[in-house]
Structures are given as structure tokens and as C-alpha cells.
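Next come the structures, one after another.
Same chain, two partners: chain A is paired with chain B first, then with chain C.
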Partner chain A sequence: MTNLQMNKSTMAYTLCAIALLALPFGYDNRTILFLITQVFIFGIFAMSYDLLLGFTGIVSFGHAMFFGIGAYSVSIILDRNEPTMFYLVIGAIVAMAIAGLVSFIAGILTLRLKSHFYAMLTLALAGLFLVAAEKWRSLTKGNDGFVLQIPELFRDRTNLYLTCLISLIVLFFLVRRFTQSPLGRILMAIRENEQRVESIGFDIMHYKVIASVVSGVVASFAGVLYILSLRFVDTSVFATEVTLDALLMTIIGGVGTLIGPIIGAGIIEFAHHWLSELSDVHWIFERWIILFGIIYILAVIFFPRGIVGSLMHMWGKKRYKKHNQTKNEQKKVAS
Partner chain B sequence: MDLFFNLAINGLATGMLIFLLASGLTLIFGLMDVLNFAHGGLFAWGAFSGVWVYDLTGSFTIGVLGAIVTGLLLGVLTEWLIIKPVYGNHVQQILITLGFMLVLSEMLKVVFGPNPIAAEPPAGLEGSFQLGDVILIKYRLFIILIGALVYAITFFILKKTRVGLIVRAGVMDKEMVQSLGINIRFVFMLVFMAGSALAALGGILLAPYSGVIYAEMGMEFAILAFIVVVIGGMGSFTGSLFAAILVGLAQAFMAYYVPSLSLAVNMLLMAAVLIFRPQGLFSLKGGA
Partner chain C sequence: MMTTLLKLEGIETYIDQFHILHDVGFEVPKGEVTVLLGRNGAGKTTTLRTIMGLNPATQGSVTFNGKDITKLPPYKVAKEGIGYVPEDQGIFGDLTVGENMRVAMQKEDDSTHERMEWVLNLFPDLKTFWNKPGGQLSGGQKQMLAIARAYMNESELLLIDEPSKGLAPIVVEKVMESIQEMKEKTTIVLVEQNFLMASRIGDRFYILDDGQTVHQGQMNELEKDESLKKKYLGIA
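The block that comes next holds the complex of A and B.
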């Protein structure tokens, strides 16, 4: 039964992926295609966030820092050298290595303490990176940021679109595989009951640090793609808003579902786009983030499963009922 | 020598402002296990509403009172709307208070406009006076004085009154206090209001000190306050005073001598505390 269901969901995802892959060949509105590319990038980013929050129960408030590390590493390396594929790959590797190291340090410092500490430390660390990016002008060119050249291949919007989409698909299945592995199961067990997992004999610290590192590395990859799509970097990649975006996407889409954050990314990015356009109509739409903040608070209180989580819950209930009904009917027939 | 005193007083003044923010944070955390990420928002609201009243009436004292009233009101609102529904669930508390912080700082921009607002010290506290060859800026001394006064009053309330006894006992073991027939939820709300009022007081005092206030300052100071709370120990009032002064001084001196490291030094302090004494320097109960 589970096997069949798994195939069903995989099939649905594959159909969606094929439709999205075909999209740029039949539809060429540049703004919308760019927006969808952003959705893919933030989908990866939000998915990495979900790995922490949804699967391990760790709250990070400095996820922007990994995003920013990815963005800055690749742009500095591409800027200092020729914009070729080779340096892009080097940049991406450096980005992931630094992100892995930072998340490892943050993890070993605070993950043995209460959940507040990780949230606080990552918030403070992200603040540190933001200030460093502003002050270390010789490396980052400060607040002004800089425009950079990217490899020929990615200057074409369609290629970039396809690259981001394929990255999203590959990472989605990889991360899903990761969460379904024995290691992922332990992470979920830690989320549900830390003491219990510890008393069974697992070193929970070890697993939490792994979750932290994997999430940081995936997030930095999203930062790399972001820079390829923007071809411009400035300190805003380290801003708290980036972390908040990931949080909103994950919470609204559905915590712990992996597909939820991707859908959340779509909702937030498109809503952002349209609400900013509405700011000509009324100034309140310029402050669209208030609206999101309120929705977010209400979602945390009344709707903690998010869109996908709630749908799955409802669907699961229905199936359970149906299952019971057929069972009862069978019993009746048998008797 | 001149420079040393100036930096020290500067650092002490910043430390006192951080202390006003951190003390409420740490008591709320110690008492109810709630880490309020929206605390910085209350700080910024104190600054903006205080300056607004100050500009309107021309009296700094009334401005300060206005900020405190704002703090009290927002404190009740926050406790009632935001904290109560998620009481007992850590992850949700962290998530929801950060969301509220977002709403608070965006609301600031809606109510007071998106631009930074200038603020000047009141007439009596402007300028400086000379002591030997050391120039002392009056307003900084005033902040240190107020900070010390707040510490003394709060310390007295905590140590010498019945309410303080209940709060201290609640920090140690809130179930026990509850079982003695004390409504710990009500005490918690009072502490929450007092903490918010202290944060708002810190905000309005900061305004003439830095000369300009802006919506993002809530988050900036909140990060410093979190560092202070970790260093001082969750739930320790005296700890947050010492840690705040430590952080303020470290920042003032580093900002002068090694400006690029001024924020890093606080992070390093916090990292050192987390490695060697994760419960904080003055903690009453284990932080782990």
C-alpha cells in the first residue's frame, strides 16, 4: 500500500516537472519566467529550511547567512577570475564548504542546548555576516554591491530556468531520499521526542549537527543559483528578510512536507510580485509584509500544518475512513 | 586618559541601554521559558512613540512617560494575543514572536513613516562639562544614572518585596510556586508588562543618544540583548547587568581601536561562554 502511494506521489511530481520543463518553450513572458526561476531558487532555499524546522525541529533565524555565503563566494570568485564554467564550479564548491563549516560550528556550539540558543546564535551570526559584508569593502564592495559576469551558458534565460528547475528536482528527490533514510527517521524521532531517542542510545547531538550541515549546504547552493539569476550581488542577501521569507514559505506551505515549502515559495514570490504592483493603487500594499506577518501569526496559531500539511491530513483521514468502511462492508458480506 | 574615560562612559551608556532591554527578556525567559523575539520591536516602539510625544509636548519627561505607557500597553497586548495561544510549545513560541517582531517593525513604518526620525537631548541635558581634562557628555551620564537607578529599584523590588519573592521563586521552580496557590500566570503577565516597559524606556533613552531612530534598530539591539542574555545567564537579573556592561564596553573600545571587529567581539564572547559555561556566567538554574 505505501509503495503504491509513494509511486503515485512520485508520478504526480514527475508530471508537474515535465509540465514545468516544457513551459519555457511554449510561453515566453520574460517577467513571469524570471519569477518562476526565483520560485525554484527559493523553493530550494525553503526546502533546506524545512529540513531543519520540519524534520528535526530546530529553529534557525540565520538561514540568510548560508544563502549569502553562497551568493558572495560565487560572485567574488567569478569577479576575480574569468567568468567560465570552471570558476563557477569552484565558486559553488567553496560556497558549500564555507556554509558547511559555519553550520557545523553553529551546530556544535548550541545544539546541545535548548532550541532558543540555536535560534539566537544563528540570528547573531547572520547579523555578523551582514556587518562583515558591509564593512569589508575591499572584498564585497560594501552596500553598493557589484555587477558580475557569468558563464555564457547561463546568460540565456531559458537555460537558467532549466538549470534551476533541474537543480530543484534533483535536490528535492535527494532530500526526500535523505529524509526517508534511517538517518532521516532518527531526525524525525528527535523532533518528536528528544529524550526518548537519547535514552534508546542515539547520540542526538551528532544527528542534529548533520541536519544543520546538510541544510546549510543546500541553502548555500540556492544562494549560488540566486546570483546566477540576478548577476548582481549586494548585502541584501544577508538581510533578515531572506530568513523570514524562508520561514513564511515553510510555514504557509506546510512544515515537514518538503513539497510544501516549494509551493509556499511559489505563493510568496507571486504574491510579492503582485502586491508590489498594487502599491500604485494604495500605499498599504507597499507594506505588504504586514499582511504576511499577520497571516503568518494566524497560521502558527490556527493552521500549524500549512497548506500541504492540512491537505495531507484531510486526505489521510478520508482514506482512513474509506478504508474502514470497505473493511466493515467486507465484514458484513462475510457474515 | 581623556580618551579612555570617554570610551568607558560611552560603553557604559550603551551597556545600560542594552541592560534595559535584556533584563526584561531574561526575567520573562527565566520565569516562563518564553524567549520573546519581539522584544526589540517593543524597544523600537518605545523610541518612536516617546519621540513623538516629546516632539508634541516639548517635554522629555512626558515623552519618557509616553514611551513607558506604550511599553505597558504593548506588553499586555503581546502577552494576551501572541504568547498565550502558544504557551508551552517552544518552537511555536520562537516562530510566533519573530512574526510579531516583523509586524511591529512594519507597523512602525506605517504609523511614523519609513524615514529615520531625528531626536535631540532635552535642553537641560545638552552639552558637556569638564572635569579636570576629561570632557563628560551630560546625556551619557544621565543614561548611566537612569540605568543604575532602574537596576537599584528593580533589585529592591525583586529582593525585598513579596512580588519579587514570588518572581524569584518562579524563576527557580514555577510549578512549586503554582502549587502554593499563587497565580503564576498573572505574575508572569506583570513581569511581561514590566519587561516591555523597560524595553520601551531603553528605546526612548536611546533616541537622543544616537540622535536618530529607525525601525530596524529594534532588531539590532535585540541581537545585542540576546548576546547579553546568553552571557549573563538566562533568568539572572544581575547577570544581565554585568553582561550588558561588558558588551557595551567591549563594543565601545573595539569600535574605536579595531572598528571592523566591534560586532565580532561580542560574538566571540558569546561563543566562549557557550563553550565553557553554557548556562551563562550568573545563571540560577542550568541553561542546558
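The block that comes next holds the complex of A and C.
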């Protein structure tokens, strides 16, 4: 990407961010603001998934475990202590530390495996966390879950909205910086050809584990924000559906684009909301998950690059055509 | 006096259940171009992959600069100073030419910048298409990028697998000229089907047949030996 293109995209992102920052001050529909807050949270989660799938080529079916670790860590700490900012920060730090440690250990144990075995093993690991959360009732209150108090500041929906948005912006630029760093380039090279990267002199395990840890930590942070928005936690945060949602958001938005998964999160969250509301119109909308399945199949068949990926591809082709035209014209003039 | 940079002794390699290399052995002198010749399926590519640790040998030894590297994983073999240009070039298609080059740089110091400058002078096309994704390059440009990238990794030895494969004759000529120039800077093991090209740049040859080293010698001797060429290379 040239500097000019980069500046253009950074400017577009900045304008979007300013518009979203101003939104709650001019628009006070609580439902929609809550929904957009959820988009920010799942945007962070999907972005963390994209770091694995889109940038490193690792398919994980157990990403929900990091989301769940984030959710439960902060919930348990706030539940057992005063619901103050201090304990919230402690909870978030503990959540990210546990997620980092778990992703490190899981990475070391599983990332040597071929992609499909790795995917199945992550599914099993996430299942293990789900069962542990169900059975360790003294700590998690099992399937019933529990309601928790959160710091005063975040009881105000606008504050929570702004916190989630700022977190998304900061993490987006940090993760983008990470993917554009030399380390990020190695991850992309791993995605394309692991053996080739190894024969250039890089220990791919080392880099895959780094990607896994960064992704796990970011996902756990999304789990922390999720709990602040719901003020309730139960074992569903470890469910496979959470990972599948992230996968869907990433694929629909555009794998390996970072901004794509955020857009995908917006589409999925709003589709959840509107399709559920339409259940009075027709019974099929009660089964909106079927519609999601259809959307997923259509997206994979017709837009394998996702929305952002397809747009970038079309734009690239247009630029290439224009470049060739200019070149041909220059040749004509010269001759 | 000839210094041996790479030495293979009694190499046996399996790919899955298939026994590909049987007692392969040869020496690569420092500063020379050693050419591995042989028909399709003779085991030339597997030999290079065995040296790199991509298809590790089950028996025998690979010694580089006096150090046993037989059991090292590919990334450690590369760190020892062996660059590998595979048959399919192995370009990272989504990365730009510049990113492909930078990925190969283990460190950024004066010597690396000197290497970069030298290699870009050798392959000026890479400079022209610096910001173009590797996947959009032509076959010849990809080959140049692959060779340049392998060289960037401070390689003392370059293993180049069939650089002329699938390229137009004029491009082959250009690639071979570049390899000839690289000869001044590094030791090369070249796998090449195009005998004419190989004989132009090679100093010494080894012929592989059915996974075994069956003949060796100086390249100029082979050029004169019509029966040998006919027997193992199918050149009348």
C-alpha cells in the first residue's frame, strides 16, 4: 500500500470514528446505541479472530474460550469485591494475563498440528472450558450464571458506548500497526506458505504462538467489555456459537482486512436484531439462524473475499486497468 | 586448495513410504557452481529438500562448513547460511516485492543494505515493481525475486531448483546471466534440466539416476562425453 493510499484510508477511518463519537450526543435511541455498542465489542472480537484466520492462516474453532475467560475473570472479580474502577482494571488485567497464558500453552501444544487437527483441538479445548464453567458452580454459578454490579461510570450507556468505541479505535490502530510491522509480514508469509517461511530462516511455531497470544489477549478484552454491557454472565460466553459468529463476521466482512470483520460484526449484530423483530411477520424469522446459514453459504460462493476484500479487489483491478491505459497512451505518444 | 563447503554422505531419504534417495553423496567446493543433473524423478529436488531439512534424511549425513546439519529443522539450516530457491519459486503472492525482500532480511545492518543494493542492481526489475504484489509478477520476475530473496538471507550457499522451468528462452538467458554474476558472490548448487544453460555456468556436475549419484566430474568433461549425456540425460 502506498503512503497516499494509507493516508486516505487513515483519513476515512478517522472521519468514521469522529461521526461515531458524535453519534450519542445527537441520537438517543437506547436500543440502537446498545446495539452499536455490541457491534464495537464484537468488532474487537472478530478483529482478534482475523489476526489468526486472515493474517496467519490459523483456523480456530475455540476462540470463544478467550472471550469467555475475559468475561468470567472480570465478572468474578467484580462480584467478589467492590464494583469499583480499581477492581475492574484488576479484572481486565487478570483476564488478559490468563488469556495470554492459556493461548501460549494451547499454542505450544497444538500449533504444531496441521490446520484441521488444530481446529478440532481448539474446539475440544473450548469445550473443556465450557464444561469447567458449568461444573465449577461455586465460582461460576454454572448454567444459571449471575448478575453483577459494575462501576458507576459504566452504568451510563453513553459512557459505555464511548469506552467501547475508543477501545475499538485504539485496538484497531494497534493491531493494524502490528500487522504492518516486520512481524506482521512474517505472519502473512506464514499464511501463504509455511514451508517457504521456514526455509527462509524463521521458526514458524514461534510466530504462530505470538499471533495466538496477541489474538487471545484482544479477544479476552472483548469479553471484558461484553460483560460491562450485559452486566450478567453465564456459560454461553464459552459456546461454539460465539466462535462461529466471529468466523461469520470475519468471512462476510473480509478475511485479512481488519476493518472487514468490524463491518461484518455490524451486519451480523443488526441482522440478529432485525430478523428477531420480524418474527411476528413470519415464523421463518424466528429461525433466523437458518437465514444466517444461507447468508453464509451465499457469501462463501459469491463473495469469498468478503465485502471489504471484494471492494479492494475491484478497486485494485480498476487501478490496474487505468495504469495500463495510461501506459499504452504514453507508448502511443512516444511512438 | 579446494575447500569443501557442503558434503553429503550416504543420504537415504523417504517421502512417506517411498524410498527416494539411496546412498546419495557429493561434495560442493566453496566458490563454485555445482550442477545436479538427471532425468525427471531422479531425486534432484528431493536432494535439495533433504539438505534444507524439508525432507530430512533417515540415514547419512549433511555437513555444512564442517558442521553436521542433518537433523536441523529448515529454519536452522537457513540460519546456518543456506538459501533455497524452490522449483515453484515460493513467492508470497499477497506481499509486495519489497515486503518479500524484507521478510528475508534477518537483520538490518550495513552489510544487509549492501546486499540489497547489489541484488537490486542485478535485478533492476525488482526495483521497478517494488510495490507490486509478488503474485502479479511474470514468471521471470518471480524467479528473479526468489533468487534475490534467497541471497538476502546472508546465504553462503544457494540451492537453486530449476530456475529455467517454464520461462521463455529470452528470460532464461537473463536469469542465467544473473546466476553467473551471483557466482562471484556465493557458492551455488544448481538443479537444471536445460543442459546448455547448466554447462555454461556450472563448474562441476553430479548425475543422479533413480535416487543415486551415478557420475561426477568437471563440467567441461561432460560436455565432451556424448555417451554419458545420452545415457543419463537423454541428450543425443
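Following the convention adopted for this analysis, the second predicted complex is superposed on the first by the 329 of 335 C-alpha atoms of A that agree within 3 Å, B and C clash if a C-alpha of one lies under 4 Å from a C-alpha of the other, contacts with A are read in each partner's own complex, and residues count from 1 in each chain.
Keep in mind that, in the parts below, contacts are C-beta pairs under 8 Å (C-beta built on N, C-alpha and C of every residue); 3 or more make two chains touch, one makes a residue touch a chain.
In this text the structure is predicted, and so the values were computed from the model without any measurement.
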Chain B versus chain C as contact partner of A:300, first or second or both or neither: first
Contacts of A:203 with chain B and chain C, given as first, second, both or neither: second
Partner chain in contact with A:319 - chain B first, chain C second, else both or neither: neither
Chain touching more of chain A, residue-wise (chain B, chain C): B
Partner chain in contact with A:185 - chain B first, chain C second, else both or neither: second
Which superposed partner A:59 touches (first chain B, second chain C, both, neither): first
Contacts of A:195 with chain B and chain C, given as first, second, both or neither: second
Set of chain A residues, in rising order, touched by both chain B and chain C: none
Contact footprint of chain B on chain A as seen in their complex: 53, 57, 59, 61, 109-110, 112-117, 119-121, 123-125, 127-128, 131-132, 135-136, 240, 244, 247, 251, 284, 287, 289-290, 292-294, 296-297, 300-301, 304
Of all residues in chain B, those that touch chain A in their complex: 29, 35, 37, 82, 85-86, 90-92, 94-96, 98-100, 102-103, 106-107, 109-110, 219-220, 223, 226-227, 229-230, 259-260, 263-264, 266-267, 270-271, 274-275, 278, 287-288
Chain C-facing residues of chain A, complex: 2, 182, 185-186, 188-189, 191-193, 195-204, 256
Complex contacts: residues of chain C adjacent to chain A: 52, 54, 73-75, 77-79, 84, 86, 90, 92-95, 99, 102-104, 106, 131, 149-150, 153
